[in-house]
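Order of writing sets the labels: A, B, C and D. Residues in every chain begin at 1.
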Amino acid sequence: MSDKIKSTDSTLLLECRGIDKSYNGPMVLSNVDFSLKRGEIHALVGENGAGKSTLIKIVTGITNRNAGTMVFEGHSIPLEHNKNAAERLGIAVIYQELSLIHGMSVAQNIFLTKEPLFAGLPVIDIKKMNAMAQQMIDRYGFNLKATDIIDQLPIAQRQTVEILKALSNKASLMIMDEPTSSLTATESVQLFKIIRLLKSEGITVVYISHRMEEVFDLSDRVTVLRDGKLVSVLEKDEISPAEIIRLMIGRALTEDESHHRMVRKEGEVVIEVNNLCSQGKLKDVSFKVHKGEVLGFGGLVGSGRTELMRAIYGIDAFDSGSITYLGKPYVPSVEKSIAGGYGFVPEERRLQGIMGAISITGNIGIANLDSISSRAGFVSGTKERERAQQAIALLNVRPPNPDVLVGNLSGGNQQKVVVGKWLIRDLKLLIVDEPTVGVDIGAKEEMYQTIEHLSKQGVAVIVVSSDLPELTRLADRIIVLRKGRIIKEFIDGTVTEEEVLRAASGIIEGSAQ
Amino acid sequence: MKAFNWRQLLLDLRLFWILLLLMALLSVASDRFLTIDNLTNVLWSVCLIGIMCTGAIYAPITGGIDLSVATIAALAGIIANLLMNVCDLNWLLAIAITLGIGVLIGWVNGIVTTKFNVPAFIVTMAAKTYLFGIAMLVSNGDQITIMQPKAFLAIGIDKYLGIPIPIYLMALLVVFSHLLLKHTVFGRQCIAVGANEVAAKLSGVNPDRTRIIAYIISAVTASIAGIVMASLTQQAYAMNATGYEFDVITAIVIGGTSLMGGNGSVAGALIGAVMVGFINNGLNLLDMPSSYHPIATGIVILVALIMNQGVSLPGFIKRLRRPDRAPGQTASQ
Amino acid sequence: MNRAKSMLFSVALSVMATGAAQAQTAYKIGYIPTSIGQALTQAWRSGAEKVFKESNVTFQAYDANMKAETQVTLMDDLINQGYNAIILQPADAAALTASVKKAEAKGIPVITLNTDTLLPHAANVTMDDSGSGYLIGEKIGESLGGKGNVAIIQSPPGAQAGIDREKGFRAALAKSYPNIKIVGAQNALWVKDKAIEVMNSFLQVNKDLDAVFAVNDNMAEGATIAAESAGRLGQIKIWGFNGQKSTLTLIEQGKITGTAYTNAFNQGGTAAKYAMELLTGVKKKGAKTEIIVVPPFAATKDTVAQIKAEDRW
Amino acid sequence: MSVSAIRRLILIGLLISIGAALSVANPSFLTLDNLMTMLQEASLTGIVAIGFTLVLITAGIDMSIGAVIAITSMICVNFISYTSLPAYIFIPIALAMGCLIGWFNGFFITYFKLPEFIVTLATRGILTGLALIAAVKDSQGFVKNVFIQDELFLSFGETVGPVYIVVIVFFVLALATQFFIKRTRAGSNVYATGANPTAARLTGIDTDRTLIGVYMFSGFCAALASIFLCARMMTAMPEFGIGSEMDVIASVVIGGTPFTGGIGDIWGTVIGTLFLALIKNGILKLGLSPYIQPIVIGGIIVVTVVLDVWYKGFAEQRVAKLARQKQMPTREGV
């Protein structure tokens, strides 16, 4: 089924053939071929769990392949590859912000461990370092100063520092994993310029993204993976969003799927938000959620979606506006919200959702202390365990052992635990922020089914997601936020991912912003 | 009761085996060691540390530390004496008020740590300094001998069924603290706050309140220890219990509680305290110079910690040969 | 005999006191004990304050928290502040020698209490740690009839006063009572609760312990608590050192056998008077340290009544 | 001006104003002798604090520094009493011992992934005992504190003009260390290890080696301070330095180096050390009761740190707010 890869030639920077990989179990990659030409922008696409990140890890030496050959710039790379060797060869990965050192300047970060020295002395020549950094910055026309401290820069600029760091390593291959996921639209445009600039410098860029338009705009070639197998490699002229999606999911989307039909649900109002304002974050946000309705929130990262959720859950205070919950005026606080039937699945699972060093029982118990404890404050171990088992059964958590530490579970199962702790409650409103980030494809489907099931039971669900297919699949109604305001609401009929994205980027009926 | 944490139990048991091993070694070294009398004495001598541990453990569980417990204990003794013998209050009332002042001290520690965001280490270290000054001020720097009332003095010395009262008190507090930690809402909240403050907050726990209560508990048990100490030594003295904070932390950490927060074992802390008590007692019985005490304790801390990390001796030797793979968790971040 | 000497001494002091009272110039005198919060150092302070009340003296006490380093810092500071005289209880002879020398070189007389430093200075008012230890050794030896088992509750290693006391004690036993066996010596850090722990282990190991010498009263009181709790108080003679008020009470109650009592009020007063005499020129500083011994008095149940209430500290 | 610079200025301002107030309160404060003694006092703590700052920058802690002082002083005094080796031979040995102890700490921390606090607390215990065992004893086996008369050794306690040698060494060491952490690769590694160990490892920094090095330096600094302390006291005691950790930690934290790692520098520590020394020296001049003194010192530490943390939070919030407003002009709308 896979299309033939074009013939091997000297223009290839990297050539992988027959890559196999399994982590003690099912094959994550099987017989994958992957090649990169010099100076191209190459998109790597596939659904979550298709094996993109594993392939990248193999190329960058973070993990080792089980079989297959890898040739980089004519060097054959052995099975026992490692990160340092990859770096020496000129393979660089742009992390979101992982590899930057807070408290240090841009120049220091770029040249960490390879700072220029005074001739023959083990002393850093700071002037020279700053000058070199500034020179690089200017050459690529970035809006940065070499002496800026990392902490004070917005995410997008930090990313450019990452890129500079890779450039200073004389990288010939730069891999960007979802680089726009936390950028605003303008910042994304800026990044695309940089990527094209890199291309013009002869640097190969591997670009991983879920945003089809970006892939479509940028890439010279696209490699599509599905279920750990190579599906196709598309040349520039073959690239179209519909085709990529077809290859990614293995069939063409039906009219129904690509144009999700939304259902107006007009039952009892669970929560009503009126003119919510929060300085610098939210401006005049008003909406209602009905019983059994799934309300989707779209918008770019930084558009105020997460801030809105935090405000109505009661984590952050807001400046003005009012909330009515179950028909009564409501001033939210986390404790009241939980007692009143809210559930909240936060955006960053590892930092905000789970307690990794604690068992599943403990993680589920902490949100259900009211129902598992006596009035005197004693926790019933039996009840706690029962509830944990209930949640495990409900969501099919693996392994189904309530004593397992949550930190040892896979991403999907961790997320199930975070969701599960609310499901065993008398839930009236569930807020989920990016429910399937880092979740494998099987668990993702289960998550969707869970949400659908909940809405059938009459729970109002608010889904916040950057994953547009997810949003269009789940939502009965979609609200798009931009710069803290509601910019568009899709109520009836159908909506396409493109429409949502256009609204989120501020492109409405031709009036670009 | 089925919700038993087997891992924790195993950890506790592992410590228990070390304890038994230590006891076996000591009983070989000295025939006086393994007698009821002597074991009672050891328990009696670790009572103060043990009582402090039962409360002080909540600070590390929530991710903090309390260095002021020893000074709080000294101050509590002085205040109790002041109330009983200068203000002529009933001894029970005096104890109640003393504990109330303990609550206040803990509250201040907690407030400064949480609301002002100052590291607990600095807060409690400074508290140690100024509370010592207050203790000196209140006692006028005197070593006050407590002669009255008899009922108060009985707390530290009297025996019931041949066992000194403080041991019962310690046992009671250990059980109480264990129940509090493992079987109450508050205990769950403490562990959650220590494990992941944000996640706990989003699950409806109030981290600041939990921490403040943790410091209050710590200060209250320290006050109880101070009262027992005053009664036992018949003395109210600002320099009482000097340096005990390190013994308390040592016992807590040997017991498997991480200073990073998120777990804790009261029983483990008690075993830790008893272990240190056994070492000191054993060396005393053997009439070894006191300079060996801190050395032995230091070595036991290291050994217990390494064993808590899950390293066995053969494994250790094997790893020494291949130093590229370190034991324990992968990255400590 | 000892008691008679001390009485004589007190009389002599009160005669001298009248002379010193005339002084009108303002003086600043500093007091640096090892630790401010001890019965002994408190008593010294009160004794000295009583003397200084009669003249125009600012008497300021400083706390060294049992640390020699802090004492040296304080000495430097008092020198810089231009104090006229310093009354010092050195935590260690060697450690304070340089400081005392420095002060003396600046014309500030230093009067040491109990522990003497190694180089000459104004005066040393001492209760004679070693001699008193010797005295207790003899008393214990005598009461045991020259035979038996004795244990020592020590001060921390390196604490000089405690070492001197223990040395004196051991010397007495070695010289006069070679048949008395020292069955154990353990450090109880000067404090009661550790002394209870140490005493408990002594009681465990030695089923026939006859006497215990604790190098201060606090630890003797701790030993008493342990022995009483084990029901063996009657069989064991416990001796302390210093003679603080609470210990004297316990001696009266028959719980503690005896202690080397020093009139600490008197000792502090003596140091204070000596300082005043140097300052007012009544006395001239000699080339050698003037050693004033406040002789110890073996307080036992029989003799403790001779210590008047106002002399108890 | 950056937030950290303002925080430093606030501290310096406090330092100067407290100094001025003390000079008014007691004229003997502002005398050359007193200032020199104060500097000497500050330097003894400060030398240890310099090493400790590096440990704190790596987000660690070293509780064993006091005990290192004790054991080093015992090593020196043993050489002086039992050998006729000159000071320039045994002092390097003593300093090397300090490093060795630091290595030991670092090894246990990095190899077994044990918490720094408790490892160094264990080392503290072991060293405390060893110092007592190593102490020079008299014929009856009692610890005897030797009055040192080795002139070369004692010259470390002397002055150059009015300034004590230890003060000069302190400032030179501060300068050198500041230079080291800011201007060398190894120094950058220290910051990187403390700020973000994962990122540091990703960048190719051997964080374990960096940590071990930092603990060795901390041991070295404590050993160095010990030599000056012995020379000043003209003796060595097995109790030297034990308990002084608290002063060192307070100095460093007042100087603005937080426990969280990745931040801080030596100048902050120098100011913090001077600040604490000033408070401790000044309080003696006020004629306060010795009981009140610890209350005042404890109170000042808390208030200073609370102020500092409050200002830092306040300033950072403002910076963040400005940045957010720049990013998202809510007024304009779409």
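The rule we apply is simple: a contact is a pair of C-beta atoms (placed from the backbone, for glycine too) under 8 Å apart; a residue touches a chain by one contact, two chains touch by 3 or more.
All figures in this text were calculated on a predicted structure; none of them were measured in a lab.
For the interfaces A-D and B-D, the C-beta contact count is higher for B-D. Separating the CA-averaged centres of subunit A and subunit B is a span of 45 Å. Subunit A and subunit C have CA centres that are 74 Å apart. Centre-to-centre separation between subunit B and subunit D, using Cα means, comes to 28 Å. Looking at subunit D, one finds that residues 132, 198, 289-291, 293 touch two or more other chains. Of all residues in subunit A, none touches two or more other chains. For subunit C, residues that reach two or more other chains under the stated contact definition are 36, 63, 156-157. Annotation, chain-chain contacts: A-B, A-D, B-C, B-D, C-D (touch as defined at the top).
Chain contact summary for the complex, subunit A toward subunit B: residues 313, 315, 334-335, 337-339, 344, 346, 351-359, 361-362, 365-367, 369, 373, 377-379, 381-382, 384-385, 403, 421.
On the side of subunit C, the complex with subunit D involves touching residues 36, 58, 60-63, 65, 67-69, 72-74, 76-77, 79-82, 92-95, 97-98, 118, 156-158, 160, 163, 166-167, 170. Those residues of subunit B that touch subunit C in the complex are listed here as 30, 32, 35, 37-38, 41, 44-45, 48, 136, 139, 141-143, 145, 147, 157, 159, 164, 229, 232-235, 237-242, 280-281, 284-285, 287, 289-291. Remark: subunit B residues 1-7, 179, 183-189, 191-192, 195-196, 198-206, 262-263 touch subunit A in the complex. Within the complex formed with subunit B, the subunit D residues making contact are 61, 108, 110-115, 117-119, 121-126, 128-130, 132-133, 197-198, 201, 246, 249-250, 253, 258-259, 289-299, 301-302, 305-306, 309-310, 313.
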